[in-house]
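In what follows, structures are represented as structure tokens.
Two complexes are shown next, each including chain A; its partner changes from chain B in the first to chain C in the second.
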Partner chain A sequence: MSSVAADASSPGPASAGPGRRLGRTFTRHPWLGLVSTVTAPVAWLLVVYIGALALLVVTAFFKLDEASQKPTSEFTLGNLDTAFTTSTFIWTVVRSVGVALAVTVLCLVIALPMAFYISKVAKPWARRGFVVAVILPLWAGYLVKGYAWRAMFSPGSKFAASGSGGVLQSTIGWTPGFGKAALVITLAYQWLPYMVLPIYAGLDRLPSSLLDASADLGGRPLRTFRSVVTPTIVPAIAAGSIFTFSLSLGDYIMPNIVGGTTQLIGNLIARTLLAPNQPLAAAFTLWPILIIVVYLVSMSKLHAFEDL
Partner chain B sequence: MNLSPIAQWALRIFTWLGLAFLYLPLVVVVILSFNSATSLSWPPRGFTLDWWSKAWEADGPREAFITSIKVAAVATAIALVLGTLAAFALQRYRFFGKTSISFLLILPIALPGIVTAVALQNSFSRRIDLGIFDFQVGFGFHSVVIAHATFCVVIAYNNVVARLRRMSPNLLEASADLGAGGVQTFRLVTFPLIRSALLAGGILAFALSFDEIVVTTFTSGPGVETLPQWILNNLTRPNNVPLVTVVATVVMLLSIPLAWLAQRLSDDARASYL
Partner chain C sequence: MRTNRRILAIATAMVVVLAACGSDDDTASTDTAATGTAATDTAAADTTADAAADTSAAPADTTATSDAPGDTTGDTTGDAAAPAEGVPTELGEGEGEVNLIAWAGYVEDGSTDPAVDWVSDFEADTGCQVNVKIGNSSDEMVQLMQTGEYDGVSASGDATQRLIAGGEVAPINPDLIPNYADIFDDLKLQPWNSVDGVPYGVPHGRGANLLVFNTELYTTPPDSWSEVFEDSTAAPGAVSVYDSPIYIADAALYLMATQPDLGITNPYALDQDQFDAAIALLDQQQALVGQYWSSYTDQQAGLEDGSVLTGTTWQVIVNLAQANGAKIDAVKPVEGATGWSDTWMISSQAKNPNCMYMWMDHIASPEANAAVAEYFGEAPSNALSCDLTADPDHCSIFHAADTDYWTDVWYWTTATEECLDGRTDVACVPYTEWVNAWSELRS
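And then the complex of A and B:
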């Protein structure tokens, strides 16, 4: 930042004016360079984000003023008690984790063969095309894709003439309808590229000669996969799963669109916030925060962050 | 690995089925934008261009589109500055707390959108009194920009840091040996080398902001409606659903060259999608 500003004030490239002197100061005191680069981004994230998260945790301990529906500054453990001991809410959390895990597994099952084909079987010239083809749907709009799946799964009306249902109903005569299955498929659809790409990148760094060497030493494909491929892609899978798990866990819009009566923790938070009951909504958000922090820590044990 | 031809074919067919899974819903949306019926029912009743002309004439989607462009442009600019600074700090220096800073960068995108949304809505709505500073952020265009910039920083960071990692430190030494100062080296060596990474990161951050709905819903103020907000509001109005399919088709078409460009400019697949 400061170097750019100094550059604008220096008269020309050949001058040894203030710009040069500044450069020398920076070389002599490396900490100056560190401070001038690290301060702004860290300050922004601490003030805007960590500050907001801290305030959120504090808000969870505030009592709601029933009349004005605004949080007071009176201390209470009531919100946490409600959020963490009510059995319906605990079941919502369990259901959310279940859906997020199911989405992650489904993404993995689809992504693994695709990534392997693209990086190791497809012709080298075709690889970039496949990668772009996997990325492109990410650009198509999250909401629109959700509604596209609504159009796919829609069961139609029992009373209307044929052809009133969704794409699946009217072409293959069957649809899972709106519910958990539709929700898991739609979320897996939304986040699939986030799983394919890290695995592809991980496999791409694995030289094909290693696979050949394993085969030459008598390793059958399954043995090669277990002993050579798996160790290299575990960090990549862990990295991909951070997206599929975390994005599914907190989603509340897809449950509204294709989930039927299925409610996730995100729906609970959004509904409580709009009620409006900010303190209770804040208490509910502690669930996903705790779950994600535990998830991130366990994934970092698998070296996920090196592949992120 | 010596895969049998059958295994190779199985993988090929599976991959094409996977791609079909990715594209089928998009094709459905494009087809429905020409459907003469108003519902999302299948098969389409007949061909019409009505929705395209109605969408072209309507003010709502155009205004929302412009709002989204403005939000994404400002948020991207902030994110690029902050992300680039962070990339230089973490790549060039060793210091205490380095890993917690990379954790800090990833957090706004790793935590579910609804958590970020509730946290920012809560803090923006409060009067913050720190003695010297007494302010309230409030809700409007600026609050959406602040929120979007926060989760876009990591994307700019990822792209720039990937480029800096590949950059040989010898280049900086060579520049210094030839008598260039720090500023001149930045202008003539470092900046030209990271320029395309900045562009790629910028495109990706822009795209993320352009499509965001959850945080936007809870941080935007009255009179601010981004394109995803317009889409969400109109998908519940049966008569406007076909307009949404038209808008969606247009956005998809516009995004193809951008996606292609971002992919070309990025260093590796890892940095190119996050």
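And then the complex of A and C:
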């Protein structure tokens, strides 16, 4: 309506509708607009996410009632004591960090050449197809892939049988069975797309002309890799490793499926929570929180967050 | 910047307030959950060790006179006791649905096997849609009941006492469950399903944990738990063991037979020395174990693909694996076995209590009780169901009416600091310590 449009540009309060008045209020007080847009998501972040974490940490200090196995409001340091000073539990944490690092390294070893090929060597028309191929396994369910690997590693299967009939045994002379090796392989398979994509994105941002320029200036391939390629992709590798490390650290389903009797920190927390012993489970949860905070801080030093 | 800091400060204050309120709400709800009987009032309100002493005094008293686990010295004249206060005296209309926590194989509606269904007729007759959540262990069932989102649970004896102490379950009014009258007497008003003569649930059935073995490896059936505990086993690395702290009782049971000078008379009443011996046995067993199963499907998969050649099992797993072609069989070894006696209990916060009472009556009815006992492979609780089983010998095979068989079957029970075998000179290891020890063992 043209009359309203004419009014909007001139301060004429008498004939302005509620919408116009609201708009004017926001214009006069810009901070109001900021607060009203940002309040809901920030409230969500603080109350639901950080609030939940805070409740978790607080629960670790409660005492458990023996008869009913429910947390009381009595304060105790016993749960933290059990979680942080029992040597078997510390070994579980060490084992979990070890598995997470092994998965990250294995993913890196496979993802680097793959990402390099896709971004630098493959023809542009094929590039899209390769990226889709890398993402495609994510469409299959996590559990489905886990059980598929279980079927492959099962001692009764042709692939992993320990006798001479087994495919693995006859080609490389070793078969993992269910255990830490099988667990690392399966987890590396699950998280590989998360490592390939950031590295591919990082390499994509590196113009091939830079590599040509480096060669023109007399740089051999290794020198080019060290001085030109690496600074570009280290942040990308760090970004990819955030996914593989944190996803592997907390995993408690794969150890049950392909890990045999292996127990990681996630299994310990799940088992304690189901005991039911919520306070002790909360105390155990402080371990991965601390580890992830340390890991994220070190990754941010490598500028990973600019590449996520 | 100032605005940001202000927002952050207010939010942090909110979070701290929420944390404090959150814990208050927990204790408030445990108080209100107690529906008014004297027993549940003291249990819920008094969360100190006194409560543990009160509720465990009942089992300690009744078992002090004899060491037999399935003993019937419980008060059986309490059948005629009036229902406790706060318990419904009449049933209303069904609410349209009922949410259950059950052991695998207890609530079958035809989805596992179209021929196995005792739920659809219940749903058609009462209009109560049955939603079931499978619990893999007693611990998981206690934890699920604590959420207050379910109407009832098929609890074994090591869950019932914790649920009663925590106020999660309410006593039942047997007058509202016509089939209750036909339940075997030695299952009613037992230490694990009643307090001071007040019944807390409807017995479902009982069974023993069995020794499963691969018939191709074991040409003569084994008869001893040594197959899962000793280095001399024919299946090292292919032993499958139940992944729950309650399994410590199985180790204690084996020690009862092999190390009598330890003096264990009840595998759930272990003083520190006896407990340490059981843990040492389990430590030594670890080298033999290929699988610690928590979900029945894990062991079934292992039995079917041949990675599991022996272990502790339930008859239902053996039946399911055999149906898929596994060459296995199961026995109760000479040392005896741990077992379970399950009771359907109603939640104190049940949103659908009428449907839950109707379900308890239905599952205790001769037809349904016979069907589930036969499918799962356990002894039924309703005496009349023995005439209705497809296999006429089912009740005699599973010793439903044979009290002597159950004398060396030790039903899952919650271990308490007050020794369940009546000893007062020592303190026994309580279940929370069992849980910690098991976590350490498995780490």
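What we mean here is this: the second predicted complex is superposed on the first by the 263 of 308 C-alpha atoms of A that agree within 3 Å, B and C clash if a C-alpha of one lies under 4 Å from a C-alpha of the other, contacts with A are read in each partner's own complex, and residues count from 1 in each chain.
Note that in this section a contact is a pair of C-beta atoms (placed from the backbone, for glycine too) under 8 Å apart; a residue touches a chain by one contact, two chains touch by 3 or more.
A quick note: this is a predicted structure, and the numbers were derived from the prediction, not measured.
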**Request:** Going by the touch definition up top, name the partner, chain B or chain C, that contacts more of chain A.
**Result:** B
**Asked** Looking at the overlay, what does A:Val42 touch: chain B (first), chain C (second), both, or neither?
**Response** both
**Request:** Name the contact category of A:Val297: first (chain B only), second (chain C only), both, or neither.
**Result:** neither
**Message:** So in the superposed three-chain picture, is A:Leu273 touching just chain B, just chain C, both, or none of them (first/second/both/neither)?
**Reply:** both
**Request:** Could you tell me if A:Ser154 is touching chain B, chain C, both of them or neither one (first, second, both, neither)?
**Result:** both
**Asked** In the superposed arrangement, which partner chain does A:Pro30 touch: chain B (first), chain C (second), both, or neither?
**Response** first
**Message:** With both complexes overlaid on chain A, does A:Thr88 touch chain B (first), chain C (second), both or neither?
**Reply:** second
**Request:** Kindly classify A:Pro221 by the partners it touches after superposition: chain B alone (first), chain C alone (second), both, or neither?
**Result:** first
**Request:** Determine, under the contact definition given at the top, whether A:Ile172 touches first (chain B), second (chain C), both, or neither.
**Result:** neither
**Item:** Touched partner set for A:Leu55, first chain B, second chain C, both or neither
**Value:** both
**Request:** Overlap the chain B and chain C contact sets on chain A and report the shared residues.
**Result:** 34, 42, 46, 50-51, 55, 154, 156, 273
**In the complex with chain A, residue positions of chain C that touch it** = 3, 7-8, 11-12, 14-16, 18-19, 22-24, 26-27, 30, 43, 47, 49, 51-52, 55-56, 137, 139-140, 142-143, 146, 161-162, 165-168, 245, 286, 289-292, 294, 298, 305-307, 416-417, 430-432, 435-436, 439-440, 442-443
**Message:** Taking the touch rule as given, give the residues of chain A at its contact with chain B in the complex, in rising order.
**Reply:** 1, 3-4, 6-7, 10, 13, 16, 19-20, 22-24, 26-27, 30, 33-34, 37-38, 40-42, 44-46, 48-53, 55-56, 59, 110-111, 113-114, 116-118, 120-122, 128, 130-145, 147-152, 154, 156, 163-167, 169-171, 189, 192-194, 196-198, 200-201, 204, 211-212, 214-215, 221, 224-225, 229, 242, 246-247, 249-253, 266, 269-270, 273, 278, 281-282, 285, 288-289, 292, 296, 305, 307-308
**Fill in**
Residue positions on chain B within touch of chain A in the complex are 1-4, 7-8, 11-12, 14-15, 18-19, 21-26, 28-29, 32, 40-43, 81-83, 85-86, 88-90, 92-93, 95, 101-102, 104-108, 110-116, 118-123, 125-126, 146, 149-150, 153, 157-158, 176, 181-188, 207, 211, 213-214, 218, 228, 231-232, 235, 241, 244-245, 248, 251-252, 255-256, 258-260, 263, 268-270, 272-274
**Item:** Parts of chain A lying in touch with chain C, wherever the complex brings them together
**Value:** 31, 34-35, 39, 42-43, 46-47, 50-51, 54-55, 58, 62, 64-73, 82, 86, 88-89, 91-92, 154-157, 178, 256, 260-261, 263, 267-268, 271-277, 280
